[in-house]
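We call the chains A, B, C and D, going by the order they appear; numbering starts again at 1 in every chain.
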Amino acid sequence: MAGNSFGTVFKLTTFGESHGEAIGGVIDGCPAGLAIDIEAIRRDMQRRKPGQSEIVTQRKEEDEVEFLSGIFEGITTGTPIGFVIRNTNQKSRDYSHIKDTYRPSHADFTYDKKYGLRDYRGGGRSSARETACRVVAGAIAKQLLKDIKINAYVSAVGEIQLSKHYSELDFSQIEKNPVRTADPEIAKEMEAYIKEVRKSGDTVGGVISCVLQNVPIGLGEPVFDKLHAELGKAMLSINAVKGFEYGSGFGGSRMKGSEHNDPFEKDGSTKTNFSGGIQGGISNGEDIYFNVAFKPVATIMQKQQTIDSDGNTVEMQGKGRHDPCVVPRAIPIVEAMAALVLADFFLLNRLTKL
Amino acid sequence: MAGNSFGTVFKLTTFGESHGEAIGGVIDGCPAGLAIDIEAIRRDMQRRKPGQSEIVTQRKEEDEVEFLSGIFEGITTGTPIGFVIRNTNQKSRDYSHIKDTYRPSHADFTYDKKYGLRDYRGGGRSSARETACRVVAGAIAKQLLKDIKINAYVSAVGEIQLSKHYSELDFSQIEKNPVRTADPEIAKEMEAYIKEVRKSGDTVGGVISCVLQNVPIGLGEPVFDKLHAELGKAMLSINAVKGFEYGSGFGGSRMKGSEHNDPFEKDGSTKTNFSGGIQGGISNGEDIYFNVAFKPVATIMQKQQTIDSDGNTVEMQGKGRHDPCVVPRAIPIVEAMAALVLADFFLLNRLTKL
Amino acid sequence: MAGNSFGTVFKLTTFGESHGEAIGGVIDGCPAGLAIDIEAIRRDMQRRKPGQSEIVTQRKEEDEVEFLSGIFEGITTGTPIGFVIRNTNQKSRDYSHIKDTYRPSHADFTYDKKYGLRDYRGGGRSSARETACRVVAGAIAKQLLKDIKINAYVSAVGEIQLSKHYSELDFSQIEKNPVRTADPEIAKEMEAYIKEVRKSGDTVGGVISCVLQNVPIGLGEPVFDKLHAELGKAMLSINAVKGFEYGSGFGGSRMKGSEHNDPFEKDGSTKTNFSGGIQGGISNGEDIYFNVAFKPVATIMQKQQTIDSDGNTVEMQGKGRHDPCVVPRAIPIVEAMAALVLADFFLLNRLTKL
Amino acid sequence: MAGNSFGTVFKLTTFGESHGEAIGGVIDGCPAGLAIDIEAIRRDMQRRKPGQSEIVTQRKEEDEVEFLSGIFEGITTGTPIGFVIRNTNQKSRDYSHIKDTYRPSHADFTYDKKYGLRDYRGGGRSSARETACRVVAGAIAKQLLKDIKINAYVSAVGEIQLSKHYSELDFSQIEKNPVRTADPEIAKEMEAYIKEVRKSGDTVGGVISCVLQNVPIGLGEPVFDKLHAELGKAMLSINAVKGFEYGSGFGGSRMKGSEHNDPFEKDGSTKTNFSGGIQGGISNGEDIYFNVAFKPVATIMQKQQTIDSDGNTVEMQGKGRHDPCVVPRAIPIVEAMAALVLADFFLLNRLTKL
C-alpha cells in the first residue's frame, strides 16, 4: 500500500533514489509474446534525459536501462520485466548544504516529518529522476498499444500560450524544437523566454497538452476507476503537476448543456467532442485530449531564506544545474503515464464480457 | 478490478443501479471502536437529496439508509459495514423512450458498447444516484477524522464566479443558501441565474471549491499515491467532473519559481501556500484547497436529435425532473470523496514508521 | 486490506454478523452477458442450510437471498452484483450466557483482544453463517465456469475413511445420503457414527475431498498466486479447516522422484497424476483433486470450564442446536470456494498472451 | 494481478529467471527507521545456497545480493527497497537438450501452453532460484519482527520421521547437521538415506515443521485473510509443496470436540494447543506450529521417456547437479515466507482499532 505501484493488471512498481546505487522497476502483467523494440525505449529515454538541449538542465545522466528479466530472445515471456538504471554520475557531489535544510516548496520537510529521516542527496526518492522508470515502462506500454497514437506537446510556458485547437497542429513539429511545442513560431518565443528566465536565475511553469487517438471504445472501469479519473491520477502523480482537465475541462463549467452536448452521427461518432472522448468514464472512440498544469521548478538560482531541521533561519541558494522550465522534458513522462493507463484498461477490458 | 471499490485500507465498495432494487455498499477497514452518529450521516444524505430546494431536481427519493452490519450497540466492531438504500419511487416510470436511444453526452452509448447490454432505466449504474453511497461512507469517514474540517462550496455557476480567496469567506454561510456558496450576495445572483437557465430548458456547469483544514502532516504515499493525485482521482470519479486543480493550480503554471515558492516560518509553517498544503505528495500541515469543474448536466428539456442503437436518427426530449445545475447537490459528494481519501491516508500513515 | 474480499478480478466482498440485520455481499467483476439461474443458486443454498437432515443442526434459517443489482432481465450487466440474506430467526435468542464468556476454541477471545469489543451474539462475524454468502457467489462462479465439473464429497468422519480413489466413486451418490459421501455403504456407517457422537453431546471432525474436472490448461499465476496456493488459501479460510493437500499431498513427501513423476502421453496428458492436475502452479488439463481437513466443532453439549473477560473461571455448556459434525454442510462451501478460485484464474488467464 | 507480488502492506514483488541476467525484487512498505543487519541477510542466503553440504546440489551460485535503494546509512527510509542477485555462473551451460522437451512433473509443459513460449534455460521463472529473493525479503521481515522466534526444521525425509513434539526438541541443533533436523540421531539416519537416494540417481520428498513463538495476540484479518490461510498460501507457493496443516492438522479431523477444545487458563493462555496458536483466523498468543509437505524433486539422474513440443516421444536424463532432497535447503525459505506473512499482519494490525 506504500504507493510505489501503478496499474492493476499492467502494473509498474518502481524503486530508487536520485543518488542511491540505481533506480529501477518491475513491470508485472505485460502479456507474453510482445516483441520489444529496445531502440524505441531508448528514444523515449533520450527525450526525458538531462542535457539534451540548451533550455534544460545541463546535468549529465547516462540513463542506460538494463533489462534483467521477462524478455527472452527479444520477446516478452509473461513473467515480470525487471530493469535498472544505474546512478553513475551522482556519487561525488556534495549535498551537505541541504542535509539539514528544508528547501522551500520541495519535499524535504514533508519527507522528514513523515518518515523521520530522509535520503537528502538530490531529493532522494522525491526527485524527478524516478520518472525515468515511468518512461521505460511507458515505452513498453506504447508497444503493446501499437495502433493508439499518443502525442503530448507543450501548450504553454508561463504566459505564452499555444491557443490553437489540437486539430490545427502538426504533431510532427513537436520533436523539431527543444521546447516540444507543436508550432514552430510559438516555439521560438517560448525558447527565448525560457532562456531569459534562466538568466535571471528563476524558473517558470507551463502546460502540457496530450491527445490520444485511435483509442478503442470501451476502456475505463466505472464507477471509481473511470478512464479520465485514472488519467488524472496518473498525471497528478508526476512531479510538479498542479492541475488536470480533459475535454471541455474548466471551460466546460461555464457552458450550457445545449452547447456542451455532443450530438451523435449515425455511425456513433460525435459531431463535437466536448466530452473529450470519454462518456460515463468509458472511451467512446473519439479523440481523448487533456491538459496538465506544471508549477515552476522550486530550485531557483537565487538566494532564499529558509529553515533548517532545528527551526533556525538559514540562507540558501540553488546549486548545480537545474531546469528553468520542466515541461520540455516532461513530455515523454506525460506520454508514458498515459500509455500505462491505457495499457491497463486495454487489458482489463478483456474481462468485461462473457 | 472492476472499478467499484475506492480506497486501500479504508475501502468502500458500492453497488446498485438507479432503478434496481437498491443501491448500497460495504465499508471494509473502518477501525473498531468508533461511535457512529447516524444523525450526522442523515444530514449529509439530506444535503445530496433531490427535491431539497427550488433549484434542484424535484424528484422524490427517500434515500433512507439501512445499516446491516459492522456496528454493534452504536460502535463499529472492525468488521465490514454493509448498508443499503432502497430505490422506492422509481419503479413505475416508463423508460421505453430511452431504451434504444443513446442520449447525447450520457453514458448510454459507451455502456452498451462496453458491456453489450445495459440497464437503461434512469441511466442504470451510470446514474449519479450511486453517489448517495459515497455520501454515506464519507459521513463515516468524517467521524473518523473528527479534528479535520472539510468545507466545500460552490465557487462558480456558469460565468458567475465567487472570486474571493477562501480565507475571506464565512463557511457558515454555505448551508444558508440553496446554491451552497459562501457569499450571500453571489448566492442570490447564482440562484437567479440557475432559475433562468431552468426556465429555458437548459442546464449550466459550475465549479466547487473545497478546503481541508487541520490535516495532520504526513498524509500521502508517494510516488504514485500522492495525496493530491488521489484527491484528483476521487473528484474526477464523480459524475460530470471535467477538471481538478489544487493549490496554485492552472494559475501556478503561469508563475515564476521566485513567486511560487512558499517560504518557511520558523515553526515549519509557510508564509504563503501556493503548494496547497501538499509538498512532494504529502500534507505539510497547511490548508489543502482545490477546485473541481463540473460540466452542464446532459439532460436538457429541449428537443435534441440523436441516434438509436441501430444508428437511426431519432428526436428526443428530456422527461422528468432534472437538475438545471449539479453543483449545489454535489457539495456533500465532494466532501465525502475528500473524507474517504483522507481517512485512507490517515490510516495508511500508521504504517510509515517503525 | 481488512480481509473481507476474495479474488482479484472476480471479487467477492462479504459483510454481516450471525445475528445482525443481514449478511450479504458484492460480486465485482462478473462479466456481462451471463444468464443467471437463480434456482441453481437456491439449490446450493439448500445444501448448506441448517435443518436439512437429522445429522446437522436443527436451527431454522430461511437463507433467502435477495439480489439488489447487477442483474437485469436475468442477465448480468457487468456492474457489481449486490445481495443480502436477512437474519430472520435469530433476533429473540438470549446470548447473555456468552456475552462475557470466552468459549474454548472459539474466536471470542481473539476477537475481543484484536478489536477491543465484539458482537457476541452467536459468534458474530466469526460465525460460519457468513459462508452462506460464499455459497451464493460460488454458485454464480459455477455458472460462469459451466464446462468445469466441481464435485466435493465427505471422505472421512473421525476415524471412518472412504479410502477408494476418486475415480472409483460414483459422484451421483453424493447427494443421496445426508453425510454427502460418495459410497452408500460408508455413508450409513458415517451417519450412525455422527448420531452416536451427537447423543454423547460431543462433536467430531472430518475430511472433504474435492475433484475439479475439465479445467482448461493454463490457470494459475506463478510465482506467488499458484493455482494450488490460492485453492489452499480458499479452503483454509473456511471455518474449522486445519489442513489442505493436493495431488499426492502429504503422502507424496514419502515417495521417490522415480515413482512420483507423471510420464507424458503423446497428447500431453499424463499417465499418472500425482501432480494433482497442477504443475508449476498452473493447471495442466488433468483432474485437480485435493483434501480439506476439518476439526471437530467447538460447541459441545457438555459442561466445560472456561474463563470470562475478567479472567474468572466459569462453567459453561453449549446451548441450542449445533452440528455434531460440520463436513456434510461444508460440501457446498468447499465447492463454492473452489469455483471462486477457478473463476478468478479463468478470467485472469485472458490477460496472459498478446 | 500477474502473481509476482506477496503481501498487502509489507509487499514483496520479485522478478527474474534462473538463467537471465539477474533475479531480484522490490520490498514496498517496510517502515522507515529499521536498522538493517546485512550480515543476517547473508546468513539466511547461505542457508539456502547450493553447494553448502554433501547432501545438496553441488552447483555453484554466488547469490550475492546488492541493495539498490530504500536503505540510507544503514537505516530503512520508508521508500521501496530494490535489490538484485546476479546470475553469475549460469551463462555457459547448454540447455538445448530441454529446449523442446517437456520434462515430466516440471513446469515446462504448462508454461509453454499458458504463455505460448518460455525461457527454457534451467526452468526459467519456474526455477526455485526465484526463492532466493524471498529469503532476502524474509530476512528483512525477521528484523522487523525482532521479538518473534521463527524456527523451521526437517521433520521427515521419505519414511524417516522425527516424531517428537516440537516442545521436546532443541532448536539449537538444527543448524548443526546438514539435513537441518532438530534431533542429532535422526539427522544421521536422514543424511545416510539422502546419500543412498542420490547414489541411485533418485530423489525423495520430505516434511518441514515450523514453529512461530512470541507472536502477539491479534494477527490475522478474517474472514478471508485468516492468519493460517495466508500462511498456507505462503507455503503452498513454494516450489514442490503439496500440503499444509497447522495445529492439530489432518490428525485433528479424527478427534472429538471434547478432546480437541483448548481449555483456558485464567491468564487467557490455553492448557492445550490443538488450535495451533490461531483461533478464528487470529493469533491468540500461543505457539503457532505447522507442517509443510514437499514432493520429491522432479529432476532425477535416471533415464525417462517423455515428449517434445511436437508430441514426439523422446528419452531424456537429468544433467547437472541437482538436489536429491529439497527440504534441507527449503528451511530458510519456509522461515522467510512465514516472516513475510507475520510482518504483513503485524503492520495491518495497527489499523484495527481507533
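For the reader, a short list of remarks on this structure follows.
Keep this in mind: contacts are C-beta pairs under 8 Å (C-beta built on N, C-alpha and C of every residue); 3 or more make two chains touch, one makes a residue touch a chain.
Source: prediction; values computed, not measured.
The greater number of contacting C-beta pairs, out of the two interfaces C-D and A-C, is seen for C-D.
Across the assembly, the mean Cα position most removed from that of chain D is the one of B. Per-chain Cα centroids separate chain B from chain C by 39 Å. Remark: chain C and chain D have CA centroids separated by 26 Å (rounded to whole angstrom).
Put simply, the C-alpha centre of chain A and that of chain C have 46 angstrom between them.
Chain contacts: chain D has residues 1-2, 4-5, 8-9, 14, 29, 32-33, 78, 114-116, 125, 351-353 touching two or more partner chains.
The part of chain B that touches chain C in the complex is made up of residues 1-2, 4-5, 8-9, 11, 13-17, 20-26, 28-29, 32-33, 66-70, 72, 75, 77-82, 84, 114-119, 124-125.
Contact residues of chain C toward chain A in the complex are 1, 9, 29, 31-34, 78, 144, 347, 350-354. Note for the complex: chain C touches chain D at residues 1-6, 8-9, 14, 102, 104-107, 109-111, 113-116, 125-126, 130, 156, 158-159, 197, 202-207, 217-218, 220-226, 228-230, 232-234, 236-237, 242-250, 252-268, 270, 274-276, 279-284, 291, 293-300, 302, 304-307, 311-313, 348-349, 351-353.
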